[in-house]
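The data blocks that follow each hold one structure.
Okay, so chain A shows up in both of these, paired with chain B first and chain C after.
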Partner chain A sequence: MSGAAPHLVVRSISKRYGPTTVLDHIDLTIRRGELVTLLGPSGCGKTTLLRAIAGLAQPDSGKVELAGRDITHVPPHKRNVGVVFQSYALFPHLTVAGNVAFGLKVRGTARREINAAVERALSLVKLGHLAGRRISALSGGQQQRVALARAIAVEPDVLLFDEALSALDRKLREEMQVELRRLLQDVKATAIFVTHDQDEALTMSDRVAVMNKGRIEQLAEPRELYLRPASLFALNFVGLSTRISGTVLAADNGKVDVETKVGRLSALGNFQAGSPVIVAARPEQLRLGEQSEANSAAGRVRSVVFQGSRTLVEVDAGAGESLLAELSERDGAIPRVHDEIRLSWPVTETFAFPMEAQA
Partner chain B sequence: MMIRAAIVVCWVMAIGLALFLIVPLLVIAAASFSPTPVFDLPLTGASTRWYGRIGRLDGFWPSLLLSLQIALLSTAISLVSGTLAAIAIARGKLPGAGIFATALVSPLMMPGLVLGIALLQGFRAVGFTMPGATLLVAHLVITLPYVARTMIAGLARFDFTLIEAARTLGCTYPGSVLRVMVPALAPSFLIAGIFSFLASFDNYPVSIFLADVRTKTLPIRMLQYIEEAPDPTLAALSTLILTGTVILLFVSDRVVGLHRMAGTSD
Partner chain C sequence: MTEAALPAPVAAPAVDRERLTAIGFVLPSFVIIAGVFALPLVLLLGVSVIDANGLTFANYRRLLGTPYYLGVIWNSLRLGLLTTIIAFLISYPAAFALARAHGALRSVLLATLFLPLAASVIVKAFAWTILLRSDGIVNETLIALGIIEDPIRMIFTETALIVGAVNIFLPFMILPIYAIVAQLDPRYAEAASTLGASPIVTFFHVILPLTLPGIIAGVALVFSLSVSAYVVPTLLIGEKYPTLATTIAKAYLLAREPGFGAAAGVVLLGIAIAVVALSARLSREPK
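Let's turn to the complex of A and B:
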């Protein structure tokens, strides 16, 4: 099958619970073998979208297609969708192997095939030696792996992970992120992760869908999402930034000049003169000193936070505005608190967003 | 030093209490093998003739049968209705679920005597006087709280996403309930059933108000025997009941664990 063929298609799905619109005309197309993350704050509808795909929640309108089949009205047990739940939802009355075999038994698979599939799934998650254990005798990380093995064993058309790693401690979680991504790529799984953790999203996915209030604000590769955020919400949710409010003075073909309290700045964006905007740049774009053809602003250093290879410097630019720069020792001495400094950054890495969309 | 003394005191208390609870049972068991009609220590020889007499006690078989019937029937009805009620309380977005739960369990906290009088008066007031039926309904009041309490606790521990997990793995909804919820709740079910059965089977204070000549439950009959002819036959019967209970508890301990039944751990 072609790698570019749409595998999971969500068409304009909407869902309301009482007066609140939880999903607002969501469109999402995922290719076979792709790993996509739904990233957004708590309550934005990520779980609901996942449940709609799994068939556990019926959308009010819209369609879901999986592997070329319209599954909008297909019950969950006939969808061939694998789900790894946040609580793992392992069956306490079954052993590790019993849990992994569950889906195959239900499908009436022959015993020998089941045994082989269970063995394969457990060795994938490196738990072959624990097949006979009771669930209650496993650590959190091990339970997470059993849940994964159980979902993989039935060879689902798509795997859905709802905050599946969030219960693990930080170190284990970061290890699992890398391992899980490699494992899913090895078995050529198509998967959707749900998370509110931006690092997890950037680490694990081919593409990230930033969700806000029941809508997808941006669907892009992690790199593009970070470098070219499509909205102020996406900018704020992924990574740090300097943000300065102002008014458009002049607009010219995808570029605007903006009057702000820290001086005149240029940014990319399409606006009419007079529009209120937020001008933003990523902290690693800011450099000490002047550059030609660049934006710049001056101020007094408010805080310096050492972060290993980099140092975050926050500058009070006056009038309630501040600048955030990520500086490296390699590019010169790091300023100290209370130093008066000037920072500059390229116009091509400066973006203007409409003011009213501020989230 | 103080701590060690405290530990010793606690141990002495614990052992003393355990003896205090167990010794009377041992005495009963010993008395049932007494060779003479009047139980005397030390025992001079042993006899099983009192066990042979149990069946010949006046009205024993009808009473045993009645008690078993009432206990089994009330337990069965309680298990079904109590579980449904527990689901509504633990799961449904029932307004005032806490009040319902308390109401369901409240007969446990009421003196049996008060309950008996209240039921008798209540039944009379509404003209409900069918002998066996009143007894059954009264025993439902006794058994339902045990079932409700155990099942509410069991359901509170049950993770309903297990059902969703089973569904995504290929189970229909009823299939998921059967394959996942029933096994997960089976221990609670067994515990509820046993406690309910025992509570009904040995109830005296409520039954006494609702029994008539034809519907005398075993405990009522036994008290009557004691008054009429206090010989070791009754001790033999008590020992049999005790043995049955111990076997029941032993088997359920094998199945679900006694500590869970006692509620000292989950």
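Let's turn to the complex of A and C:
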């Protein structure tokens, strides 16, 4: 994390459509050159937030500042933002080069400069050889690149991607994630991605904002988001986990003992005794056998899913609770279905979340 | 690829059957078009250039060499052009309004477009004569309101002709444009605006080019309908505005000059074909 000055500042933006609150006092600060993802399920407000930044949706209240300028009431064509739409929205009546040149042309840039910029943008996305093609003659992946080149060509203050990769097939999407991240870092772009794909969020971004019901639940680096989820929603939305419900027995500065149907467990969290909570841990923290000073639970293996470098083992712990462990062959034999096993995991990697926040 | 080494599947009979089926489907329309369109067309052409003494171009010389008949051709073109231009200016925003409207409003608007198509042109043109004549509703109302003292002459003026023609042919302009506008992705305009295009620039560089196919279709339809209109000029302006269509009718019904009527018909057809061909060319994607 660098201490660079804020580049894009969203201050307490709210937006309602009829009775539904789509954005609920959102605050977001993004530094120059930062790649941030708005991650959340459909209807969480992430696209509306992106559109508010682009000027395509007017917030009911709050402010948007970009590059030191208050743009809350500036129309989109004067904001200097670049948007890559999910459907790409490439102009079908123009060629590839015509699309990339569009933004510069309407700005009245000199022809020679436009040609140079178009060439540069197209070579950046490795499509220089297709400059004269019609849009309809391109594949989905190529269209995606043209949309990117078109947005980059005007050198916007911020690039906004609205589910821009979701129309690509999986393999192409994964390749584009890596390539796009490198490209954006090369040109030192500030970018915001909107996606519901957690892998995309973790791969592409310096920071991820997990959104739910018009609010940002957590804004953190991918690693921190995964290892220290701030809410049950964030825990559920990113990665897998074991979740067991219970009641707090005793609390002791930042640690709680929880009575659950699979036994007594300890977890990190601040709760009063008697609070209903969900105790959770990431599957790779669970190990076969006992460990000292650790949580543990036993059960019968329900399923074993081999996934290459890891194997996911789901254990029926009885009373409707289940454990999810990610085991590696290196740490010993993988149990089989119906085996009775005991799993244990460190208390410092166990979190308690309030029960009612379950999404 | 192991399939490549295998002998090609025996598909020839299937293809033949497909072709036969296709011919079977096309045949009825082919017979109808050949019989009731192509054949009469050939006859029309023949009648226009052959008289009792053999081959002659006298009919065309008369049509294209007499100032009066050049005026007639101009009248037809003028009716077609004015109607088309005015209908376009009304239809383009109307198509957008229609596309933006939702639910009941959209249904009502579409019904007001489609319902008049059910009434014959004669009925509609006649309705305009009732509205516009000296003791018609428009004049009576204006007099009753004290705005004018004596009735204004409206019927049998060019204004009446154009107003009537625009009204009658308007759906043929709105509907093709509406069909295009309704499926225009709003993202195009949004993309243009985020790229720095003002609403006006967006309109001329994105919206207008993308809706061009609808405009061309509407223009071709309305022009070919209005340039050849017969009932509308006959009822709304009459003798003093002879058009190719009324000239054809006169040549056949009154003057008994089928050769001359046929020549006028060929010229009218030529104009309509030129417009349709031009619009087909324009609507083809450039490059």
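Here is the rule we go by: the second predicted complex is superposed on the first by the 356 of 359 C-alpha atoms of A that agree within 3 Å, B and C clash if a C-alpha of one lies under 4 Å from a C-alpha of the other, contacts with A are read in each partner's own complex, and residues count from 1 in each chain.
Throughout what follows, a contact is a pair of C-beta atoms (placed from the backbone, for glycine too) under 8 Å apart; a residue touches a chain by one contact, two chains touch by 3 or more.
Nothing here was measured: the structure is a model prediction, and the numbers come from that model.
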(message) Given the alignment on chain A, is it a clash or a fit between chain B and chain C?
(response) clash
(request) Considering only touches as defined above, state whether A:261 meets chain B (first), chain C (second), both or neither. (result) neither
(request) Check the residue A:134 against both partner chains and state whether it touches chain B (first), chain C (second), both, or neither. (result) second
(request) Would you check which partner chain A:69 touches, where first means chain B only, second means chain C only, and both and neither mean what they say? (result) neither
(request) Tell me which partner A:83 touches in the superposition: chain B (first), chain C (second), both or neither. (result) both
(message) With both complexes superposed on chain A, which partner does A:106 reach: first (chain B), second (chain C), both or neither?
(response) both
(request) Pick out the shared contact residues on chain A: the ones touching chain B in one complex and chain C in the other. (result) 54-56, 75-79, 81-83, 85, 87, 89-93, 102-103, 106-107, 150, 154
(message) Quick check on the complex: what are the chain A residues that touch chain B?
(response) 54-56, 75-79, 81-83, 85, 87, 89-93, 102-103, 106-107, 150, 154
(message) Which stretch or stretches of chain C touch chain A in the complex?
(response) 185, 187-188, 190-199, 201-202, 205-206, 209-210, 212, 285, 287
(request) Over in the complex, which chain B residues touch chain A? Could you list them? (result) 159, 161-162, 164-173, 175, 179-180, 183-184, 186
(request) Give every residue of chain A touching chain C within the complex, in rising order. (result) 54-56, 75-83, 85, 87, 89-93, 95, 102-103, 106-107, 134, 150-151, 154, 160
